[in-house]
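Note sheet for the following structure.
So that you can tell them apart, the chains are marked A, B, C and D in the order they are listed, and the count of residues begins at 1 in each.
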């Protein structure tokens, strides 16, 4: 069937709510507004205000309430409008969601799912353009997902809800309108492994989320120039599937990490560090990183474009790595 | 003169407040309580409640107020009791302090200094043992300092206040009682460069803050076994002084990064990534990282000790790197 | 009459400016989020008419009205919408982040509630230097549900900070109606519980707003500590350009449109202020806007090479 | 009389337990932070005596009293202080993080205010399942200055969540006196502004606390939404073991010590309850504590090899 990333997410949530009446959705404007990115449009009508809960503008309270409800047998899906506002709930996520199981000596698991939009590219300026999923991937106790395809948008919600521990799902704002074919029986997917989205032998391009499309486009460009790039979609940012990454790099001997987050101390650093630790002698060139410029993302279109990884800069980095440029 | 890290910090604050009446101190219990780690003891008596301001338990409000006061010509030193509570103020730090200058096209600089205690090691359990300075070092627009010596405790506050942009100072809880000699005329230090705290030729140990002591001890152990380890104290976590790090690694050809933060996506990853990017062909062994175990830090002493980098684990990692372990 | 005329001119400037912005958005010359203030003009206009140049202003993402009423030149605001280097934030901020140091406008803040602590800090600066200043801090009734509202009101009341909290209660936070946002029915009453003077004002009546702001500013300057005005108003248009407005019905919007603050003042100015006078004013405003657009279109953008400027200051410690 | 006796026993258990803990801290058998509840026993004892086993409890770092009054076995609590695997949190939590699933004690939370959203969520779970339960949420008056207090009170009142907010107003947040923390003089009054029932209680009178908790719990179970009790109390000892108490004078402490909740109840129980009865009770409690210490000392610690257990659950999705 033809669908979009947005609809696939909606279908995943709807499906989960039908399957399990402990599941409910809560967040700012998820109800009568239909969700700020229209993901939950129609769900209020189907499930009613008890299970599709509009919250006040109180990120800490409602994210914490999701944690508490999860502790008490429910299976909440909490929507934080965007990652930019999640900072206001970060204490709850780090100090409660990610910590209670361990601190309680294994007594209290927290099966909450927290979804949020991430990323730049829509000229929303510095405070609305963060890519902080790498930060969250630093926190032990969390699983961090970044669906980049229709299959993953459709398939990650249910396994996330089945995970007894907290799961964060990052949806890149540029993906909601992604359209394409999805199998009619598309269902849950594996949320533990990275995926090779394109085979290749000359260089491994490692990315996730909103940068996947650009990276695949870069691989096409490279192919036109005779470079066969392999593209790995991390999918799960924590725990990282190092095995897949390393296996690929050991084969191609070259790697470029593409991450819309800022470079210093970002997720890209972790990937590069792991490759250096585990596959140093397999490398024919230094690992390159294509990240966002280390600036608060500016509004003006040309500046924003220059600040973010783009197909051209990805391809250029890959060429350098391959040709020793 | 004999002094302690705590007293050196206090002297630095006192000195700054005497020099410049735009400087004031604000935070929870900095006044009549004397500061939760007694750093500000006596300052209330000397400067009065206008300039040594006890705040309510409202991290977001008083950190934001520090930012606002800085915008309005003051030079606030804001104390957040510990990094653990700074999450409640993170939105203010990231979205305002670090962003306003850029977002305003260069009109509004934010000369605020924010000090906080960091680190584990005192059996304070998961919610009170974070080392999140690596997170802060990810944010463009901030300068992030980690004084590890008496000289730096004494000397970093004034240049931080002179910096027109926001500066975060991380004080490891294990350092406050550090005692030793400090020159009577000790004053401001350079806050842009890393320091080589011990010369060595066989391996470079790169660390900062609370891990410096352990790392120097490990270097002593290693020396007893015939390995000459060089120890680099990063001092400034953002912007990182890559030059010093790379220069050292190019000489020793081996590196171990010691960081009390969690490994995945921590500051250690950035250091390793940069070495891999810039000095790949100089490396005789993969860069090793000695970090905290990826667990919420447990209360029980033996578990906490096992979770943190220790002299023995640092030395062991260095030996492996040198001997090909 | 002179005073009324100035208020009217300001409201008309804001209204027409934003109507043009909406058109420019449709033609993709303005991008990002665009939050219109249409219907709420009396609030910015009334409050800011009582401020001095040395006072300070903190705004939100819905900031065109505040910037214009504060005196930021229209062409600098328009150029900002275009992302040009001549914009009041050099094109780096866009619609949600209008800044102007020379008018002490400390920004459009796009994190709901995020400007409140800044306002408290600005006020602390004024207070510590003993200046009789006011910091006007604008925010929505939705922001009043955020923890920062509570923290800042308490801190400000405790320290008697000279902040004029201007809660623009336009009844909705995106699609969330007041009653779904707040357990308490009366925001001013709640704010008063912190021990500060707080009252509700008809935010569709610019003269009432102005008079309240005058009283509040006077009290604040005299060292009476913060005040809060709950300005009851309404946005006639969608939350932003993306909002299909499923959450409210046309009758409600129509009801509030009948209270249009511009019509109201204009009617109060009859008969001295004639239709010809109005036409002249409109023509003047239209010319100002045309010029702002033309200048903005013609202006340069910041060179890409300067992308990393202003991340830190251009002097080193 | 039976009821009073039970309340007295509970308060004495908490008092003596903590006195022993202070000694064990001095001899370095307990480490980390240790926050004593001495003086405040009537609060936990009175409130929790009105809760059912299926109700839920959320506490702070000052949680020994809550855990013991909730029925967590003393040896599990003591073992936790020792960091032993037999501790109620397997030694991973320590003094500040007492958990017990079988008693629905959802922890000691060491972030001031951090437990409040959790309590709201637990209550939401009860509400959505239609269970007539109460979530007792303890926190200090200092916590009431945090943004989360505001957010959670509003949310709870809005959604009529079955939370019993128990604000332990012991007059200080570390060294910060109430009047330096809050602009408003009356916390209960402020809390009431959210549209929930809130009142102050003499927190040194366990019977008054119990009676208030009974009324509140009844109302909450009946679907009346949240209540807040401001329990006026005092900690006789320092904030934690590190606190030199520079911020208050001896007379004030002495004044409150005269209101000791244990003495007060004991006096009210005269003459039926004799000195011999008291001695017997004390002996019983002492024996319980001795046993708890001995068991804790003898218990094993978690093997280091298990360090990374419980970071995630031991089943995979």
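Criterion: a contact is a pair of C-beta atoms (placed from the backbone, for glycine too) under 8 Å apart; a residue touches a chain by one contact, two chains touch by 3 or more.
Note that the structure is a prediction, hence the values are computed from the model and not measured.
With chains reduced to the mean position of their C-alpha atoms, the one farthest from chain B is C. Measuring from the averaged C-alpha position of chain A to that of chain B gives a distance of 30 Å. Chain A and chain D have Cα centroids lying 40 Å from one another. Chain centres here are Cα means. That of chain B falls 35 Å from that of chain D. Residue positions of chain B with contacts to 2 or more other chains are 56, 58, 60-61, 84, 88, 91, 95, 102-103, 125-127, 140-141, 294-296, 298. The residues of chain D that reach two or more other chains are 89, 91-93, 97, 109, 111, 114, 145-148, 151, 154, 158, 180-182, 311, listed in rising order.
If touching chains are joined by edges, the resulting network of the protein chains shown connects every chain directly with every other. By the touch rule above, chain C contacts chain B in their complex via residues 56, 87-93, 97, 99-101, 106-107, 109, 111, 114, 116-126, 128-129, 147-148, 151-152, 154-155, 158, 309-317. Chain B meets chain C in the complex at residues 24, 50, 55-56, 58, 60-74, 76, 91-92, 95-96, 100-109, 140-141, 143, 159-160, 162-165, 191-192. Across the interface of their complex, chain D is touched by residues 28-29, 31-34, 36, 54, 56-61, 84-85, 88, 122-128, 293-296, 298-303, 306-307 of chain B. The touching residues of chain C, when paired with chain A in their complex, are 31-33, 83-84, 89, 91-97, 109-114, 142-143, 145-147, 173-176, 180-182, 243-244, 246-247, 301-302, 304, 307-308, 311. Residue ranges of chain A in contact with chain B, taken from their complex: 84, 87-88, 90-91, 94-95, 98-99, 102-103, 125-127, 130, 134-135, 137-141, 238-240, 261-262, 264-270, 272-273, 275-278, 280, 283, 285-289, 294-296, 298.
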